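These notes open a run of structures that come right after.
Paired with subunit B in one complex and with subunit C in the other, subunit A is shared by the two complexes that follow.
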Partner chain A sequence: MNMFAHELRMNRKSALLWAVALAGVACLFMAMYPTFAEESESFKEVLRSMPEEMLAAFGLQIDAIASLLGFYSYVFLYISLCGAIQAFHLGASMISAETRAKTADFLLTKPVTRGAVLRSKLLSALTILVATNAVYFGVSAAMASFVKRETFSLSAFALINVSLLLTQLIFLMLGFALALLLPRLKTVLPLSLGVVFALFMLSAIGASTGDGKLRYLTPFQYFDRAYIVRHESYEPEFLAAGAAVIAVCALFGAIRYLKRDVHVG
Partner chain B sequence: MNIFWREMKASRKSLLLWIVGIAAMVGSGMGKFSGMKESGDAMSGLMADMPKALQAVFGMNGLDISTVTGYYGMLYLYLLIMAAVHASMLGANVLAKEERDKTAEFLLVKPVSRMRLLLEKLLAIALQIGLFTAAMTVCSIGFVAQYADDASRVTEDILRFMAGMLFVQSVFASVGLAIAASIRNAKRAVASSACVMLLTFLLSVIIDISGKLGFASFLTPFQYFAARDILEDGLSPAYAALSVTLALTALVVAFRSYGRRDMQI
Partner chain C sequence: MNVIELNGLTKTYGGARGIADLSFTVEQGEIFGFIGPNGAGKSTTIRTMLGLIHPTSGSAKIFGKDCLRYGPELRREIGYLPSEVFYYDNMKVKDLLNYSASFYNKDSRKRMLALAERMELDLNKKIDDLSLGNKKKVGIVQGLLHEPKLIILDEPTSGLDPLMQQRFFELLEEENKKGATILFSSHILSEVQRLCDRVAIIKEGRLIALEKISDLKGRTYKKFKLQMKAGSDATPFAIPGVTEWKTAPNGEVSFLYQGDINDILRRIASLELLNLWVEEPDLEEIFMHYYVSREGAGV
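Moving on, here comes the complex of A and B:
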């Protein structure tokens, strides 16, 4: 329990900041929804004068985007980007904290197994992410009901929000595994930002070219929000892919953490 | 020049990693273009009529992604983010690491003035940013040219894109340096620099989505050289001047505050 509490204490400030930042960004984005909906409305008028096939190809898309859930699906991309940075950084910095601060000998000479250290670290990371998500969920739901123009499916909204937590879990474990892969990590932040933004870019390329296979490469694409809105469920194959990434990273990280030589001094 | 060479040697691995990453990004991004070429044409006509906010949602931002430069312009935003991450981390880290790794005393008792020290570190930053952009330019031209009908025109556009990127990089690097030189707690320097970078990025996204906040563009370097503007009007001299002013101001702040900085040892 000591280690668990210590990790929470070490990270509480940044966790609080992230929760506030995520909720704030969501509020800012949602506040733009009313004007966005009006503009899309007038654009739909333009679309009616277009040839039939244009309307068929585009009209539905526009309808889907101009709804609250459609707009939320879009801005959620940036929310999940921020969430991914938080989670990846949390995973990578938590597991490498002792070796970076040269306190590994202090921790590892305590009468606890490495397994126990690992468990309490991961458990506290999980707690932090769940708490952040709880704050985010509450604020975004309140804001959504405030700006809505017509009723929207609450279950789809909830599923989208839960996908933040799932994406974060994947990135947490990626960060955890990557930090253990690199033996002498000194600054974590460049690594976190570099990896997360690279995956974000891959996701953008995949989205704008409609490449199906590329989706497996980047966790940002595991939870397609258009699919969630239509079917009110996640895609099973990508849920499985996410679970597989988490499992592989956890396994690799655990084996590595339990066995590695720790540099002291 | 010892400090300069020491700096370059210390960061050659990470620079190499960044360059490999960038090359992979440009390569995989442009590889997807061949699939885009056919389907894009029908879209581009309609895109012109679309409200700005909707364009942002579709990820086009006024770019015709059926042309090779338009498509590259879409990638450019993400390449710009990677460059900004690299520059802001580099600028902050180059000073902050001395206190973090407890080598500040060792460095400061050497018979060189702090100004000289900072100048050599600044030179190292400049060279690394230059190498980063040079690598990006070579990759971009190499990967883009194979799709281009008029290679010299495309090369010219890419050089313009890269010049814009250099301006943005120098702003973020010098702001990072200024933060690291003036912040009380060196451990926070890298995080603060990242925070500035992320906030300006989010602001840029908000400006794109809202379509009405154009007047706030001067607040975020990500808006200074938008791909659409570069393709249509070339580099904006006003924003180029603004970037240089920002970078120089940040450097003045950095030199003044580093000269009287209390090191935490």
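Moving on, here comes the complex of A and C:
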């Protein structure tokens, strides 16, 4: 319990900042919706003049874009990008904190098992992500009902929002596993940005070429918002893919963390 | 009772050597010196005992229990001061010490204050703002806070000024009187000489000597320095037991001698001398002797 509290305390500032930033970005986008919806016809004209691959890469669907959910689905692409960075960074930095700041000699010589250290870290990361999502959910839902022009499906909206948490869980574990794959990791941010943007680009390429197999390679494609709006559910095979990624990362990371030698410097 | 028991402890990193077939025991109530040059494997040995490193083969036992299997339980009774102290920078000293104390089921608030006062440590400062010496003090308080039965010190005095070093040694002696066993690793030999009962000398990952400090200093070696009338003639001293042969331009020669004192005195008596000194060598010289002689033997 003391380690859990300690991890929360170490990460509370960045967690707060991320929650505010995510909610802020959502508010900013949604504030644009009323103007956008009014001018939607002329905007659609502009979009139609663009190549289809490009629209697909950005996740733009011309027919749906004027509706609140369609618009939200589009802007959510960037929300999930930010969320992924937060989660990956959190996972990687939390697990490498002791080796980066050389505090392993402090923490791992205490009368605790490494398993207990690991559990506390993951549990506090999970707590931070859930809290971030709770803030985000509340703010975005309030904003949506404020800017809406007609009623929209609350359950589809909720499913889209929950996909943020699920995407973040996947990226959290990716960050966790990757930080343990690189034993001498010194700075986490470049790694986080690099990996997340690479997967984001892969997602854009996959979407524009319409390659079905490519979708499995990037977690950004696991929760297709057009599908969610249409069916009010997730795609089971991609839920399974996400769970598999989490399980593999957790297993690999845990084995590495429990077995590795801890050196100075 | 043996507090520490190393049995053929070996750790290799890929092809590189860490420690090889290291065996020795430390008894309860001892202050045990662990000496060697940098990179000899002292830290590797200590980190294995603490469960930070997994040995390639052999075993380390503390209080009769295997370090890996009973790690968490054993570490309850161990206080550890690493050679370089690193803590969470954005924490206050007080918070860090409280966090440390929270791992042991003991109320150590009074002791924290007492130790901090002895070491003149400001509890309200941020770790980030502390000098190296002050960080070391945090390490000392942190390591002794839970009144461990085994205190492991890895080059503990770096960064401490002489006064603080003195207080720290007094603290250690008090803990030792209360029954704590101490493993003191160092490459500064004079401090070991002062505190320790026995000493293990390690070089290139291997134990090269294990002796009582009193034996090491008293019986075993003498340091001879003599000034001859007719220049320095080394031939009478080409006998086993003479090492560290040095000649100075003014005709002075000095060497270490291990063996029958009468032999060497007879040889000295045959020479015309201006002056003669016979001294107890300090550990440094003995240590250099170990170092050089094994090097010379091509080991």
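Please note the rule applied: the second predicted complex is superposed on the first by the 241 of 265 C-alpha atoms of A that agree within 3 Å, B and C clash if a C-alpha of one lies under 4 Å from a C-alpha of the other, contacts with A are read in each partner's own complex, and residues count from 1 in each chain.
Note that in this section contacts are C-beta pairs under 8 Å (C-beta built on N, C-alpha and C of every residue); 3 or more make two chains touch, one makes a residue touch a chain.
Only a predicted model underlies this, so the values are computations on that prediction, with no experimental measurement involved.
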item	value
Touching partner for A:Lys259 - first (subunit B), second (subunit C), both, neither	second
Subunit B versus subunit C as contact partner of A:Ala198, first or second or both or neither	first
Partner chain in contact with A:Met10 - subunit B first, subunit C second, else both or neither	second
Partner chain(s) touched by A:Val25 [first = subunit B, second = subunit C, both, neither]	first
Partner chain in contact with A:Phe36 - subunit B first, subunit C second, else both or neither	first
Dominant toucher of subunit A (residue count), subunit B or subunit C	B
Subunit B versus subunit C as contact partner of A:Thr109, first or second or both or neither	second
Partner chain in contact with A:Val46 - subunit B first, subunit C second, else both or neither	first
Complex interface listing, subunit C residues touching subunit A	43, 47, 50-54, 71-76, 78, 80, 82-90, 99-100, 102-104, 142
Interfacial residue positions of subunit B with respect to subunit A in the complex	14, 18, 21, 25, 28-29, 32-33, 35-36, 42, 46, 49-51, 53-54, 57, 59, 65, 74-75, 78-79, 81-82, 85-86, 89, 93, 97, 100-101, 190-191, 194, 197-198, 202, 205-206, 209-212
Contacting residues of subunit A [partner subunit B, same complex]	25, 28-29, 32, 35-36, 39-40, 42-43, 46, 50, 54, 58, 62, 65, 71, 74-75, 78, 82, 85, 186-187, 189-190, 193-194, 197-198, 200-202, 204-209, 211, 214
Subunit C contact footprint on subunit A (complex, rising order)	2, 6, 10, 101-106, 108-113, 116, 259, 261-265
